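To start, the structure itself, in structure tokens.
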Amino acid sequence: MVERTQTDGAFELVDVSVSYGNEMAVGGVTMSIPEHAVTALIGPSGCGKSTLLRCLNRMNDELGDVTVDGTILLDGQDIYARTMDPVELRIRVGQVFQKPNPFPMSIYDNVAYGPRTHGLRGKAELDAVVEESLKRAALWNEVKDALKKHAFELSGGQQQRLCIARALATEPEVLLMDEPASALDPISTQQIEDTIAELKESVTIVIVTHNMQQAARISDRTAFMLRESMDRPATLIEIGETRMMFTNPGDKRTEAYITGRFG
Amino acid sequence: MIAASGWLAIVILAAIAIFLFFNATRSFEEVGLWKMVSGEFWYPTSDPAQYGFLPSEAGSLWVTIVGLVVCVPLGVMSAIYISEFASRRFKDIAKSLIEFMAAIPSVVFGLIGLALLVPWTQKLFNLDTGLTAFSAGVMIGILTLPTIVSIAEDAMHAVPQDLRMGSLALGNTRWQTAYKVIVPAASSGIFAAVMLGLGRAIGETMVVLMLAGNSGLIPSQPFVSARTLPGTIAGELGEVIQGGQHYSVLFAMGLVLFVVTFLVNLAADSVLERQRRRWRR
Amino acid sequence: MRTSRSAARIRSARIAETVAKSILGTATMIALGIAVFLIGYLAYRGMGYVSWEFLTQAPRKAMTEGGIYPVIVGTVWLTAWTAFFALPFGIMAGIYLAEYSPRNRANRIIRIAIANMAGVPSIVYGLFGVALFVLQMGLGRSIIAGSLTLACMTLPVIITVTEEALRQIPRDLRQASLALGATKLRTIRKVVLPAAAPGIVTGSILALSRAAGETAPILFTAVAFFAPIADSPFDETMALPYHMYIMATSATKPAPQMVWGTAFVLVAGVSLINVVVASWRARQRRKIRW
């Protein structure tokens, strides 16, 4: 089993552009994402937040005709280098999706899915990983007596925390979250936010959200993206300390967006 | 009027069962259902005539087994590849080729079988005749391939993309994702594909009529000429006296065929329905 | 530490993937190879015989010379009558299932019946046709009896494609019409059906083209070894699939153009219809976008 000792999980993006086919969706993004902090990506719909997020674990590779230019370093290592296997990258960089997507199997098997894939076999060890991951995702108390239950029997919010636990079970350094609470009710949202606050002790979190209050509440840094016209790619307008971004943004467009004048 | 049309399917299905049954009653009375179903000899023209279905049943069984051995592995593997590994372009080409194949009438498969498969079988296995259960089975396997590929592919396609992405994001390869998540999630659809393929294989008429050889004995292995249920009906109905004993025996045979395929299709349908419910979240 | 151990594991997972992919890929290539081979072989054997004369003349000299014009006409008539019988009922039943039927037990039974009708072997339809249409109704071996049999067989497909085409129409469209005070029937007639028409037409034509290639259901209900072009739908007829079958299996050595030329005409006809319909459908799709 892998010890969670690393103090890393920091991204460095240099001039990153993403194209779907011939159309460039995101252009020239340069930013850094510090380790063990929550970085929020905000911006109006269609500005490429999900697209940029998917670059960080190379999920764009799976969509077909997508090209990523520029450099993305994870702890100094180029993740688009020929020697980097996306599978290896994704063990280090986990993802939680917008809609809860538990696999059609038991709660236990969902969480154990990643560790098993990566060779963990012993029952005691698996039990330990499952328990720890569910605890970290703040789901353990609710499901500890029903680990054999089918995952589809959980509520939406519980399913989403199960997906977080599933991602945590492979011990990622980074957790990417694409609007993880947008399909959930307020109470479940609150629970997810609490979970995130605890998780940032041990993992780097990058979260996409449409909810300004949420970004303000949970993130340390905020990046604002915008696509100003359909025939130009989206760009990064600015990134900074969340408190600064929300109280004293450096860019007029950021201010307009945050105060709800467009998007 | 519109509602009445809705019920038409039930009416026709019931009418099929009823007409088969009533036209077969004479054989039930004069020969007996059990004696037909379990009879070993098919000598409809000797005196007294013997109407045992076993030669046809065994022949159908061999043809079906050979057919499934050809089409199930090939079809399911192709479906997995097309659904999980192929590029979009390849997928389009593959699907239209499969669709094209599905549009070829079965009598044409029979013709090509006569021209190629029958002589090949004869030479390859050094047989007296290439008209065997094996040749018919292989051709039926090929004919059933499009059914299995497209239904199994549909079943895997219906698995939400979220699950695929969820598995890949955990650091699984596409293959791990396919066999650990997608195939289990689509298993009932894949099973239904096999069942529907089975139904087609049992009921297919022209290919067995043209390729199986229609001999009278109970085949103990597939490399001999054999008769089948559909082949016997199609081959003999034209020559019998309408309303006669032989005629009604053929209807009894049709009834057996109808019941068997009905059960197979019912199984496939109930499994498919479960699958449909599952993803209606 | 972590990287070295997981690197080995990833490498073996990748190798497993490569192996699996090449096995599955080979299976796919075999399946597609068979399809390509079938097409190529049919074209190779049959295309050379197809000429204007072959398509427009009657067979001569005990079917060793001449063409297959009456055979083609027979298949066209059979298919047209099949459409006449199957389309109205099939489309109405599809409308019923998509628009009216409540989600209940009775409905579930209708659906099971439709699914099972589609799986009834074609020779069983043949028996049914003989018993009901040829004998009971006294239609004799005729185009009518044959196409009624084919219609029964095609019905479940037409019902299914109609229902699916209707279900693709967004709910908003219906509600927009109902909100304007239109009745349900009017909404279906004026809004839903036209929007779903391309799907229904395409699916139905494909189903009918399948029916045109069926042999077993017409074997005892409609066809004859030789028949002149029918004067009325109550006459016997020749038909492409049967003609091909009887030529291929006749004891005397058949004339190759009669066998392979007919097979080619049959398959080319069916696939031509498929291609035309599919491209028309694609164009319609581009026009209407939800």
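Residue numbering begins at 1 within each chain, and the chains themselves are lettered A, B and C in the order written.
The definition used in the following text is that contacts are C-beta pairs under 8 Å (C-beta built on N, C-alpha and C of every residue); 3 or more make two chains touch, one makes a residue touch a chain.
Treat the numbers as computed from the prediction; the structure is a model and nothing was measured.
Q: Between chain A and chain C, how many steps is the shortest route if every step has to go to a touching chain?
A: 1
Q: What's the chain with its C-alpha centre farthest out from chain B?
A: Looking at centroid distances, A is the chain farthest away.
Q: In angstrom, rounded to a whole number, how far apart do the mean CA points of chain A and chain B lie?
A: Between these chains, centre-to-centre, one finds 49 Å.
Q: Which whole number of Å gives the spacing of the CA centres of chain B and chain C?
A: Measuring from centre to centre gives 17 Å for this pair.
Q: Out of chain B, which residues touch more than one other chain, so two or more?
A: Counting only residues that touch two or more other chains, chain B contributes 172-173, 176.
Q: Where in chain C do residues touch two or more other chains at once?
A: Counting only residues that touch two or more other chains, chain C contributes 13-14.
Q: Two or more other chains in contact with one residue: find those residues in chain A.
A: Residues 87-88, 91, 117-118 of chain A each touch two or more of the other chains.
Q: Any idea which chain B residues touch chain A in the complex?
A: Answer in residue numbers: 87-88, 160, 162-173, 176, 180-181, 184-185, 278, 281.
Q: Which of the residues in chain A come into contact with chain B in the complex?
A: 57, 59, 62, 64, 87-91, 94-95, 97, 99, 101-105, 113-114, 117-118, 152, 163, 166-167, 170
Q: Mind pulling up the chain C residues that touch chain B in the complex?
A: 13-14, 16-17, 20-21, 23-25, 27-28, 30-32, 34-36, 38-39, 41-42, 45, 89-90, 92-93, 95-97, 100-101, 109-110, 112-128, 130-132, 135-136, 152, 155-156, 159, 206, 209-210, 213-216, 219-220, 241-242, 244-245, 248-249, 259-260, 263, 266-267, 270-271, 274
Q: Considering the complex alone, what residue numbers of chain B touch chain C?
A: Listed in rising order, the residues of chain B that touch chain C are 1-3, 5-10, 12-13, 15-16, 19-20, 22-23, 73-75, 77-78, 80-82, 85-86, 94, 97-101, 103-108, 110-112, 114-116, 142, 145, 149, 172-176, 178-179, 196, 199-200, 202-206, 210, 230, 233-234, 237-238, 242, 250-251, 254, 257-258, 261-262, 264-266, 268-269, 272.
Q: Name, in rising order, each residue of chain C that touches chain A in their complex.
A: 1-3, 6-7, 9-10, 13-14
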